[in-house]
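Heads up, the next two complexes both have chain A, just with different partners, chain B and then chain C.
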Partner chain A sequence: MKDKVIIKFDNVSFAYKAIADDDEMAATAVVDGFSLDVPEGQFLAVLGHNGCGKSTIAKLMNGILVPDSGKVTVDGMSTSDDEKIIDIRRTVGMVFQNPDNQIVATIVEDDVAFGPENLGVPPEEIRKRVDDALEAVGMYEFRGREPHRLSGGQKQRVAIAGVIAMNTKCVVMDEPTAMLDPHGRQEVMDAIRMLNKERGITVVLITHYMDEAVKADRVVVMDKGKIVLDGEPRMVFKNVEKLKALGLDVPQATELAYRLRKSGFPIADDILDEEECASAILRALEVK
Partner chain B sequence: MPILSAKGVAHLYNKGTPSQSKAIYDINIDIEEGELVGIIGHTGSGKSTLVQHFNGILKPECGQIIVDGTDIWSSKKATREARFKVGLCFQYPEYQLFEETVYKDISFGPKNMGLSEEEIDKRVQLAAEYVGLPKSLLDKSPFDLSGGEKRRAAIAGVIAMQPKVLILDEPTAGLDPRGRDKILEMIKSYREKTGSTVLLVSHSMEDVAKIATKVLVMNNARVEMYGTVDEIYSRSEELREIGLNVPQVSKIFEILKKSGLNIGSAYTVEKAAERILSLGGASV
Partner chain C sequence: MIKDITIGQYFNGNSVLHRLDARMKIVLTVAFIVSIFFCKNFWSLGLMVLFTIQTVIISRVPLKMVLKSIKPIAIIVVFTSLLNIFYISGGTTLVDGRYIDITTNGIFTALFMATRIVCLVVISSMLTYTTTPTMLTDAIEKLLSPLKIFKIPVSTLAMMMTLALRFIPTLIDEIDRITNAQKARGANLDDGNFIQRIKALVPIIVPLFVSSLRRAIELADAMDCRCYGGPGRTRMKQMKLRFRDFAALAIMVAFIAGIIVLNYYFGAVLIK
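What follows is the complex of A and B.
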């Protein structure tokens, strides 16, 4: 089971169509010949500057968008198959950037129950799932609260609970922490990691924060609708120049090591965190 | 004389109700002309409430706000003037764009100041230049711009009023790294070119380290610290206690120091590399 692919992009292209000034249809290719396999249980981070096609990829993952050509398969089901769309949405849940845009109910637990209610889950089962989902994201004590009185990080955790209450196997998150403060980001990241490690839920996290991406199993970097880097965080982040040219950040520890190396200081190029960086600097100074 | 002062300022939320609480209190601060002040503090610490007092959006419960030597609540005229002298750009200012064209949107502020057409045009062009918006975008609808461009158009609208103090409340929130760097670069060069005072509310200790000259730390509705970047960032233990985190490079330097390396401090990657290289050179 370990290597079972849950989301598969096979040579997918997609363009948004708009009516141009001369009444002709204008199409801008956003995703072009894109292929990607996401194994079940993986924590995948997707990086890329705005407009690189990340969000389009996210929307292709549960059939909000369907490919113009090529095929997206979710747990063996094609997203282009209208009959499968409900099952696909039950398999892959989405969490978006703005916490205020995705809460529908006036009480936290009602909001989390919204998904399973729509799936026609029996009431006793809904109760169980809602409690369980709220426990999972650390929001159980807030179940009777009004969502608009919660902080951004708490709202995002409620949104995540709403997705897991539908028993999805996979959660796709499009910059879920972009509008949060550092504390809220930490809460959401803790919830995401817990879902992935303890419940085996596949996570696709689109983010601009490198400190979040380094915690993933795998990092995919996109540019102009294509994958330009793909691998473990350590392997991806060592491409400092390439990432900077793409308008992306690298962790400060990686960047510091990169700058030192460029000036002839003997230090490895695959440094990710502060402990590693400090001990590498100490070693290099001793050798000298 | 400081350009901006708060003397014994306090503000209450839900005044007179059982849920009354202090949003900010005991605020005494002098900000000198030309500084670029980074304002940090966790959510709910009072950062936004504080800056909204500086141009008279909020009226303090007690104490005085003094802009350019005048208590802004001493007369109606003083309050009105403060709104032009201190330009405040809210969080996610792009949601406040409303005009048909970018040009009209940027000129809204100067128009309200009663300036001549000619002066308004000059200011709009200059403001667009400061924020790096090409002329070709001025006739477009603001809603056709990218997220980063919208943000810069909104900031241009405040800059066009040519305030003595520019306050930006989390101007980089939600942008990608490239958009963020453009805004930070823009703020830095704006201050250098105009000599204006800039207050920057931010959650990013890295961004503040990069461009600020002074740092103001808010905690539990009060000013916890005010000083240079060096003075504030060296107090990493205290910062951590109030829920703030120093940049990763500062942590690296802390570990190096604990290991007995006499290396000083660094809060940006550039500075850190410089320090380490100077050390490496000396020990060869």
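What follows is the complex of A and C.
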């Protein structure tokens, strides 16, 4: 079942409506004719400049928002189907940007237990899941702490544990590292990678850090509510000029290789990280 | 500095009081508070004081913290005592002033009132020192659950309480940040008369209000994502009454009986 699709966008359009206006003025589409298949087990990164609709896409993925036209299906269930909404949300979990606004309890382990409690899981089973989830993100020793005493990275790992404890098949993360320092970012990225590689959970990571996107299986680049680039990181980051025109960066190593090549240095155009870059430069120098 | 705020005033410990069921603790605290007002003579008052001291010792909460909980009410205690001394008449008159009399009844009433208030505050703070906010809200939810038959949304109210407790430190943090931001823009928050200072708070309260609304919206989405309001809410931490809870109940019953007996046996101290 390698290619089973877990989240499917089928020609989806969505616009935010101003509630005060009766005559629906100026409701320009934020997402417009959007189609995307996310196969089970994939680590997908979504890139795009501010306001291009990334968060909107994320919220469409588990029925926080429902499409105006087109269809979003999660594991075969339509998000527009009210009866299925709980099943959809126990399949696709979500981690938001601001860790302070998604932690509900005054004790770490109580917060992790919140999801399974809502799903009516028996107490002993919740205990097991909570311990396991906290263990998985390396926050077990902090289980009795108060969340507001933790660092940003730790809070975000608690939020991830909260999703793991719900046994979701997929996790959507909307810029989970945007408010963190480099150390916290590293902690969270490690947790995300563990989730995907060890537990086989599908990950949709929305980010504006290129070095995070490089680690994904697939990168989707959005602009004005549409997909403009889609493929393996190596393929996507080849399009240095196009990405720059969209107001995005490329990984630093890619940028260096790009500039070298532009000034006539014979170096490959699919370089992603420092190591690849260094060895490519060495090879090129030896040939010379 | 903000990181040092404890939610509520829980003192982390492992005494018998800490391990008692929170529901039992609430019921016992209420029972104690009611019984306080039945003390009519120095014998029963003494028993109450002894009971309070014993409770503090058992809890192993440092005396300094207990005293801290009395501090805010010190003024009220002194003030009511003075009022009682000067305005209550009856009994033997000790000082016969032109405008005020000081009588034994006045002094006794003052003494009783002061002792009662202090004991009340100490015992209630024992409850919050030995019980985490989560346990407290859970217990309140359980105790109020019979109200569900009147369609009162007890679980929702308990959730609101938990969230309020959860967001106190976050909002204090936020106030700190906004205050600094406004000061950096030249806002003067520390000078001026009363009215001016109140006005100076507006640039802090408005952004705080806006950001709280944004937080609330995001929090609501996050709770939706975690299936709040889903198929049926179970709890990881089950509350269970154990032997020690019934032992505590027995002690409280004995205490109240003691108060009643002492009252009856020695009569009231105030002379009508």
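Points to keep in mind about this one:
Simple rule for what comes next: the second predicted complex is superposed on the first by the 281 of 288 C-alpha atoms of A that agree within 3 Å, B and C clash if a C-alpha of one lies under 4 Å from a C-alpha of the other, contacts with A are read in each partner's own complex, and residues count from 1 in each chain.
Assume a contact is a pair of C-beta atoms (placed from the backbone, for glycine too) under 8 Å apart; a residue touches a chain by one contact, two chains touch by 3 or more.
Predicted model only: the values in this text are computed from it and were never measured.
Of the two partner chains placed around the shared chain by superposition, neither chain B nor chain C is touched by A:204. In the superposition on chain A, A:110 makes contact with chain C only, while chain B stays out of contact range. Contact with chain C, but none with chain B, is seen for A:149 once the two complexes are overlaid on the shared chain.
Of the two partner chains placed by superposition, only chain C is touched by A:123; chain B is not. Contact with neither chain B nor chain C is seen for A:133 once the two complexes are overlaid on the shared chain.
In the superposition on chain A, A:94 makes contact with chain C only, not with chain B.
By the touch criterion stated above, A:181 is placed in contact with chain B alone, chain C being left untouched. Using the contact criterion defined above for the overlaid structures, shared-chain residue A:166 touches chain C, although it does not reach chain B. Using the contact criterion defined above for the overlaid structures, shared-chain residue A:50 touches chain B, although it does not reach chain C.
Residue ranges of chain A in contact with chain B, taken from their complex: 49-51, 97, 151-152, 175, 178-179, 181-184, 208, 211, 247-249, 251-253, 255-256, 259-260, 263, 265, 273-275, 277-279, 281-282, 284-285, 288.
Of all residues in chain A, those touching chain C in their complex are 59, 62, 64, 86, 89-90, 93-94, 96, 98, 100-107, 109-110, 113-123, 126-127, 130, 146-149, 162-163, 166.
Here chain C touches chain A in the complex through residues 3, 5-7, 132-134, 162-163, 165-166, 169-170, 173, 215, 218-219, 221-238, going by the rule given at the top.
Contact residues of chain B toward chain A in the complex are 42-43, 146-148, 173-179, 203, 206, 243-245, 247-249, 251-252, 255-256, 259, 261, 269-270, 272-273, 276-277, 279-280, 283-284.
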